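Shared between the two complexes below is chain A, which has chain B as its partner in the first and chain C in the second.
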Partner chain A sequence: MTLLHWAIISPFLFAILIPFLYKAMRQVHTGWFVLLLPVALFSYFIQFMPVTSDGKAIKETAEWMPSFDINFTAYVDGLGLLFALLITGIGSLVVLYSIYYLDKKREQLHNFYVYLMMFMGAMLGVVLSDNLIVLYMFWEFTSISSFLLIGYWYHRERSRYGALKSMLITVFGGLSMLGGFILLYLMGGTFSIRELISQSDLLMNEALFIPAMLLVLLGAFTKSAQFPFHIWLPDAMEAPTPVSAYLHSATMVKAGIYLVARMSPIFAETSLWLWLVGGFGIFTLFWGSFNAVKQTDLKAILAFSTVSQLGLIMSLLGVGAAALHYTHLDDNIYMVATLAAVFHLINHATFKGSLFMVAGIVDHETGTRDIRKLGGLMSFMPITFTIAIIGAFSMAGLPPFNGFLSKEMFFTGMVRVLEMDIFSLDTAGIIFPVLAWVGSVFTFIYSMILVFKTFTGEHQPEKLEKKPHEAPLGMLISPIILASLVVVFGFFPNILSERIIAPAVAAITPSLVEEGHEIKAHISFWHGPTPELFMTFGVILFGILLYHLLPKWKKVYSWRPERLSLNSIYDGVLVRGERAASSFTKGYMTGFIRSYLVYIFAFFIGIALFGLWYKGAFAVNTVELAPIGIYEVAIALLLVISSLTTLFAKSRLTSIISLGAAGYTVSLFFVLFRAPDLALTQLVIETVSVALFLLCFYHLPKMSRHETRVKFKIENAVIAVGVGIVVTLFAISSYSTKLFKSISSYYIENVYEVAHGKNMVNVILVDFRGFDTLFEICVLAIASLGIYSMIKLRLTRRKEG
Partner chain B sequence: MKTKTNDVILQTVTNVVAFMILLFSLRIFFVGHYTPGGGFIGGLMTSGAIVLLLLAYDIKTVANILPVDYKILTAIGLLFAVGTSAGALVFDVPFLTHAYGEFNLPLLGETGLHTAVLFDTGVYLVVIGVTMTIIQTIGVSE
Partner chain C sequence: MEILMAIVVGILFTCAVYLMLSKSLLRIIIGTALLSHGAHLLILTVSGLKGGDAPLYGEHAASYVDPLPQALILTAIVISFGVTAFFLVLAYRAYQELGTDNVDQMRGTEGND
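Our next item is the complex of A and B:
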């Protein structure tokens, strides 16, 4: 365990302290203590920047389960560091914001910060682990802590619904991801991502390669809310706004992005990867932005916008994989897609974080987030308005903010798809730029809705719960910092490029770096009159047009019936699944012993017959058969008659008597087959059991003592006959296939020499195999004590005795 | 209660026969190592004799004649069986190893003694205890 390991798990350790701090110092907001840790971690991680910008990586291993190849290996490279800085940096700002957002008297702060710290530690673990299983462990920690945070206001029904939904979807993806990891382990023989990457050429040809890729992608898509798994994200907006800002815009949803980026060196060579990641990404971009426009809740707009932006990053990562196929290009023009993905990742974290905080402020100061009730807040909260306009314009991709730059690079990447001559991208690839452009138009529209419907227009004080006013300064600090970053990155994008973006891109495309391609991360503000620029003009033009005509075409959204939405499909699947499971269980768990016996016997017949047939085990061998005498035949007939009488007798008394007859006949068999001990015992025991049967019979309740014949049921008959046949077949074949001789000769030889007895049965019972007898008498003792206590101990009976 | 009937014949026969059954059961128990019989059937027959007494007399009378708590008898029987088995451990041989030897006893003369009989005694006592517990419990339960 090095300092790096302690840094990764420090949030977990700190989480233990939080409840004590909360109890001990009620007058201070617990958030102030919590704030120290992410700030310290941020300054710790920023020290790694010189190392990673040199293209080096730090790897520290702490042994955990070495025999299973599961070790806590911390690995810091450009990509991991970028995420670690995002997590701790935005984490600090979110904690600061939450201090003013959450009331220290009314809220259960200890819960909140424990969950939040758990989440932060889990995210750090995800992005800094080199071992797949450790990564998976931290991955599930993020799912669990996110579940707890979404359900933070657990008394609200919507919160619980959202928490459950996100849990089900992300854990579903997480488990499939685990399956993918295990397949990777089976192919590569190691859980280490580094080592897997080094043998990625070999992995390509394995049969399990595609299944592993699909499973891992399923995990990544569910986590980062790609279509059609995005449905949990809008419902996760029931969480407190700091949580939404942190988890559902800046960090957790990017875990899927991280995973795709991290796994790119292993999987990206195949065409399927490009089409899946790129295709799902670009469609998610379109779908998210299209649906964002119809939302009326500020956070719902932001949620769909997050979905859409994540799709954007995902599509860039997918298209960026094309760079691997053009290693001959001196200036690899497809690297720009990966570059844009990393750059937009940072930009999105800054502007979306600030926008969520703005939404939180509006909610906090007016009491609603519904844009139909809001309006004209510009003069009441000028600072919030400024922040919102910066964030929204950046999101829409307008100059001079950072969103503009990454949007331009995004268009560049998408347009260049058309120049590719692989995987039929030059023809079908047209969907990439088209969907990208359409999605951007919708992005523009909802960004404008977000700002102008909230802050301009008519002020409607009668609809608001509170009188709006500017937020306290403390609440504004974090969004101000984020908004200034938006502006700073917009004007000086190159302060990031060499230090952060280039190492991250190098981590995503290590094979290209090995071949000597230099990562040219220089981001220029002005490209000249390129197609991308005209696309942006088009976006702005059409965006403004459609924004103004919004009331006219909003009907589009009502064309699609609610029944067919993905949410109702999800709900339907859950409800139907529950109903189906319940009716299935109710169907076969009848509560009648008869049914269960039918299952047991039917299964027995099935499996036994199948076994006989499958192994070809049935055999008849008449060589060793003994001759049949007249006595045996007579007694056997007697036995058959008494058994049939037992079955078909009308009265129970007859059944009991014929059962006794069968028992005595069996003892005759024992006599005939020379087993005197058995015959003696059988006689006495049969007498006792018949006497007990009669006792039971005598005490039957008068009401149900209808003397009716056993009802004939065809399935009972079939099963009974089946069991009889199966047992007979087994007896015949086992008798016919004796593989070795009996060991009884040993007993015969040694019964007197060793055991000093002449009754072999008794000697076996008390000497050779006395151990069995010991426990058989225990069984008897338990039975008698059981009867005694059943009869004597009647706690439910009243006192009448 | 039913009216008291005079079953003097039954009782008189029982007085004689019960002892014969008892003796026969003891015999079957003791010869078990050499001829058919042993603790199990011996125990069953002994309890058969007691059941006969129960039929002829009532439970209280039999309890006076044989003041035995059959549950404790079961326990003693188990103790015999386990004790015999565990006794082997004292002599550094595996659990349930029996020993046999010829002894010159004062009254019986040269006699073969076998620890298996002690084990069988356990079986015998348990069987009596179990059977009688069941029958007595059910008989009294009404």
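Our next item is the complex of A and C:
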């Protein structure tokens, strides 16, 4: 365990302290203590920047389960560091924001910060682990802590619904991802991502390569809310706003992006990867932005916008994989996609974080997030309005903010798809720029809705619960910092490029930087009159037009019937699944003992007959058979008749007596087959048993004493005859296939010499195999004690009547 | 002889299973008793019924029947007796408490659904 390991798990350790701090110091908001940790971690991680910008990486291993190749290997390269800085940096700002957002008297702060720290530690573990199993462990920790945070106000029904939904979807993806990891282990023989990357050429040709890729992608898509798994994200907006800002915009939903970027060196050479990641990404971009326009809740707009922007980054990562097929780095025009992905990842975290905080402020100061009730807040909250405008314009991709730059690079990447001559991208690839452009138009529209419906227009004080006023300064600090980052990155994008972006891109495409090439990550603000610029003009033009005509075409959204929406499909699957499982269980768990016996016997017949047939085990050997004597035949007939009588007897008394007859006949058999001890015991026991049966018969209650014949039931008869035939076949077959001689000759020879007895059966019972007898005595003792207590112990009296 | 015994055992099992599938508790217990008879005879049969004297050393016979299965059956008889006795008293108590011996009517008590 090095300092790096301690840094990764420090949030978990700190989480243990939080409840004590909360209880001990009630007058101080617990968040102030919590704030120290992410700040410290941020300044710790920022020290790694010189190392990673030199193209080096830090690797520290702590042994956990070495015999299973599961070790806690921390690995810091450009990509990991970028995420670690995002997690700790935005984590600090969110904690600061939450101090002012959550009331220290009314809220259960200890729960909140414990969950939040758990999440932070888990997220650091995900992005800094080199071992797949450790990565998976932290991955599920993020799912669990996200579940807890969404359900933070657990008394609300919607919170519980949202928490359950996100849990089901992300854990479903997480489990399939685990399956993918295990397949990778089977192929590569290691859980280490580094070592898997080094043998990616060999993995490509394995049969399990495609299944592993699909499973891993399923995990990434569910976590990053890609179509059609995006439905959990809008419902996760029931969480407190700091949580939405942190988990559901800046960090957790990017875990899937991280996974795709991290696994790119292993999988990205195939065309399927490009089409899946790129295709799902670009469609998610379109779908998310299209649906965001119809939302009326501020956080719902932001949730769909997050879905859309994650789709954007995902599509860039998919298209960026094409760069691997054009090996000359110096003039590789396809690298721009990966570059744009990393750049937009940072930009999105900044502007979306600030926008969520703005939504939280509006909610906090007016009591509602519904844009139909809001309006004209500009004069009440000028600072919030400024932040919102910066964030939303950056999201829409307007100059001079950072969103403009990454949007331009995004268009560049998508337009260059058309120049590719692989994987039929030159023809079908046209969907990439088209969907990208349409999606951007909708992005523009909802960004405008977000700002102008909230802050301009008519002020409606009668619809608001509180009188709106500007938020306290403490609440504004975090969004101000994020918004100023938006502006700074917009004007000076290259302060990031050499230190952060280039190392991250190098980590995503390691095979291209092997020969000492350096990634040129220079982002130019003005790139000349290119097609991308005209696309942006088109976006703005159409965006303004459609925004103004919104009431006219809003009917588009009601064309699709409600029951075809993905949410109702999800709900339907849950309800139908439960109903089907319940009716299946009710169908065979009838509650009648007879049914269960039928299942057991039918299974016995089936498996035994199948076994006999499959192994060819049935044999008849007539050589060693004993001769048939006249007595045996007579007694056998007697036994058959008496047992059939028990079956068909009309009165129970007859059944009992014929059962006794059968027992005595068995003891006659024992006499004939030379077993005197058995005959004696059988006689005595049969007598006692019959007496007991008669006792039972005598005590029958009056109501059911009317005698009826057993009703003949054909299915019971079939089962019974089947069991009889199977037992007969087994008896014949096992007698006919003797593989070795009996060990009884030892007993016969030594019964007198060793054990000094002459009755061999008795000597076996008390001497050679005395333990059997000891516990058989125990059985009898338990049975008698049981009978005694059953009769004597009556805790519940029978009700009269 | 063994084949004949195998068929007899099969018939015993058939009757036993048929009785166990019926509704009356008493008949079910009769079924289990028949089943144990069948099982005991089965053990005896598959170990061989070849002639020989009873397994008593004093007889000085040329061959004895196999003593081991007899010891096993003796144990089994005693255990099945213990279980049958327990079952019978259980059935008797069930009559007393529930007022029925029809297993189809034994559907759990109220509040235990």
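Here is the rule we go by: the second predicted complex is superposed on the first by the 791 of 801 C-alpha atoms of A that agree within 3 Å, B and C clash if a C-alpha of one lies under 4 Å from a C-alpha of the other, contacts with A are read in each partner's own complex, and residues count from 1 in each chain.
As a working rule, contacts are C-beta pairs under 8 Å (C-beta built on N, C-alpha and C of every residue); 3 or more make two chains touch, one makes a residue touch a chain.
What you see is a predicted model, and the numbers here were worked out from it, not measured in a lab.
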Touching A:628 in the superposition: chain B (first), chain C (second), both, neither?
second
Who does A:759 touch here: chain B (first), chain C (second), both, or neither?
both
What is the contact status of A:676 with respect to chain B (first) and chain C (second): first, second, both, or neither?
both
Which of the two partners, first being chain B and second being chain C, lies in contact with A:652: first, second, both, or neither?
second
Going by the touch definition up top, name the partner, chain B or chain C, that contacts more of chain A.
C
Which partner chains sit in contact with A:727 here, chain B, chain C, both or neither? Use first/second/both/neither.
second
First (chain B), second (chain C), both or neither: which does A:767 touch?
first
So, A:695: does it touch chain B (first), chain C (second), both, or neither?
both
For A:792 in the superposed arrangement: first (chain B), second (chain C), both or neither?
first
Residue overlap on chain A between the chain B interface and the chain C interface 676-677, 681, 685, 688, 692, 695, 757-759, 761, 765, 773, 780, 783-784, 787, 791
Using the touch rule from the top, collect the residues of chain A that touch chain C in their complex.
591-594, 597-598, 601, 620, 622, 624-629, 632-633, 636, 639-640, 643-644, 646-647, 652, 655-656, 659, 662-663, 666, 669-670, 673-678, 681-682, 685, 688-689, 692-693, 695-697, 699-701, 703-704, 710, 713, 716-717, 719-721, 723-725, 727-728, 731-732, 734-735, 742-744, 747-748, 751-752, 757-761, 764-765, 769, 772-773, 776, 779-780, 782-784, 786-787, 790-791, 798
List the residues on chain A that touch chain B in their complex, please.
676-677, 680-681, 684-685, 688, 692, 695, 755-759, 761-763, 765-767, 770-771, 773-774, 777-778, 780-781, 783-785, 787-788, 791-792
What residues of chain B sit close enough to touch chain A in their complex?
28, 31-41, 44-45, 48, 71, 74-75, 77-78, 81-82, 85, 95-96, 98, 100, 112, 114, 116, 119-120, 122-123, 126-127, 129-131, 133-134, 137-138, 141
Of all residues in chain C, those that touch chain A in their complex:
1-24, 26-27, 29-30, 33-34, 37-38, 40-42, 44-58, 64-68, 70-71, 73-75, 77-79, 81-86, 88-93, 95-97, 99-104, 107-108
